[in-house]
Amino acid sequence: MGGAEHARDEDVALAERLGELIARENWVLLTGGRDAGVMAAAVRGAKRVSGSLTVGILPTESGAHAPGIDIAIYTGLGNARNVINVLSSRVVITCGHLTPGTTSEAAFALKTGRPLILLSPNPEARAFFRDAQIARSPEEAIELVRRIVG
Amino acid sequence: MGGAEHARDEDVALAERLGELIARENWVLLTGGRDAGVMAAAVRGAKRVSGSLTVGILPTESGAHAPGIDIAIYTGLGNARNVINVLSSRVVITCGHLTPGTTSEAAFALKTGRPLILLSPNPEARAFFRDAQIARSPEEAIELVRRIVG
Amino acid sequence: MGGAEHARDEDVALAERLGELIARENWVLLTGGRDAGVMAAAVRGAKRVSGSLTVGILPTESGAHAPGIDIAIYTGLGNARNVINVLSSRVVITCGHLTPGTTSEAAFALKTGRPLILLSPNPEARAFFRDAQIARSPEEAIELVRRIVG
Amino acid sequence: MGGAEHARDEDVALAERLGELIARENWVLLTGGRDAGVMAAAVRGAKRVSGSLTVGILPTESGAHAPGIDIAIYTGLGNARNVINVLSSRVVITCGHLTPGTTSEAAFALKTGRPLILLSPNPEARAFFRDAQIARSPEEAIELVRRIVG
């Protein structure tokens, strides 16, 4: 989970690396599905790995999604689809500085008991989400997930 | 799409056959995901075909789903998830006599412009949903879908 | 509940009368809130009665609603808001010939156990929704509601 | 908006005072509607003022709500109803230390452009939600709202 149009370049790069690593583990990658920022980058990374499987939970009723989405779930729910992103994930990872949309997803993860990992968050987010685990690199995030699902 | 706990035996049998045929076409099978009636039967049929891919859009926040669901999308939305079933489908097929839940899905298909096929509906449903196509067998339903997506 | 842009003139007239009668009973009128067809007409009727209270459950995130809506609930959920219309109503009344959107609401009423009254439905709707009560006039609909809530 | 079962006593007291002040301004009070914590307290405060109007947006399909709710909107959407709380509010006020549910609402307020006021937040929340206005007392929150809507 992460920023869309206004995501920082370094956060987009992290997402691409993370998506690739998730796919290498043979895990399904689930994102918000839009063709923007962290979502699109994670999918791009995953699709470098043959046999990868990507799910996108879209806010729209139809239309465009990030290239490389294998299963496009159209909800038509706008921002309310963020809840579905969280509920359908075994582990929730936010990627980079937290935007408002990603903040709602981190909050829902805590509310609904999904393990939450913040990858390279801004310091204020780290201080605020005290119940999250922190990863300093995509590799460290993968290692944390392994311990959770292992 | 079809009845859950109260689905008729003949409609459950239709769904199992339809699920198998959908999988043989290499199409993704999307259902409401619950372990009941038409939903569970369609998935059971699809999983007889190796390489099949099944998606379940669940009304719950977590918990059980039909055996054989590959991608479980937990929405926590209750009945509102029926809209997602329809929006995420290339073609909507109802299976057997229409129950209230399935009726809502048929209505949303017409509302949102998704092609709608009624497989072996009750006569009142057939008369009411005039804009739907009618299939008398799973094979005929597949043939109708082929023409739509072909 | 009833048609929007494509509602028939006679159904719009029924809705306006029904809205007025609902307000005279001191009941809260709940509609889909949009400035179109049966929704707008029912609100218009209700607002002829001083002290009336009208609630609109809108599909949009913000913006226009029918004139006369006292409480505008913006959902941003698109068609999924139809479920809320039903769940938040003590009794669900459809007004005139059933459109796809209204059909979904009638179906959800049956699914979730809300009493359902069809006011002047088309014959196919009447035959299909066998568990609904039928009213031939707004006055008869009010009388049926009185018996349900009385 | 604020905590439910685990809300702190001082935050519940703030909510009761705030609800009363909102009602005195003749504004409609909208809460999550449940009979718990900040939600119930705000309604309790508002109902001390004659002529007050309170709306509750409930996560459930039916059942209990806070005493004093005039308009109960049942959504059946679980946590996804938090989006509606925000979209339907002219101004969003969080009350006390931010819980995960309230955090999601603060995030959605920023995402959807609703003015956001944090009343007596924890310091980490204050540092994290930099785009929110801060109120140190219910009276100050009312004064901030007056400037926004005036």
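Going in written order, the chains are labelled A, B, C and D, and every chain counts its residues from 1.
As a working rule, contacts are C-beta pairs under 8 Å (C-beta built on N, C-alpha and C of every residue); 3 or more make two chains touch, one makes a residue touch a chain.
A quick note: this is a predicted structure, and the numbers were derived from the prediction, not measured.
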{"item": "Most distant chain from subunit D, judged by the mean position of its C-alpha atoms", "value": "B"}
{"item": "Pair exhibiting more inter-chain C-beta contacts, A-B or A-C", "value": "A-B"}
{"item": "Centroid distance [mean C-alpha coordinates] between subunit B and subunit A, Å", "value": "29"}
{"item": "CA centroid of subunit A to CA centroid of subunit C, Å", "value": "40"}
{"item": "Subunit C: positions in contact with at least two other chains", "value": "61, 75-80, 83-84, 112"}
{"item": "Of subunit B, residues touching subunit A in the complex", "value": "28, 53, 55, 57, 61-62, 71-77, 83-84, 87-88, 112"}
{"item": "Partner subunit D, residues of subunit A touching it in the complex", "value": "77-80, 83-84, 100-101, 103-104, 106-108, 110-112, 124-125, 127-128, 130"}
{"item": "Touching residues (chain side subunit D, partner subunit B) in the complex", "value": "61, 75-80"}
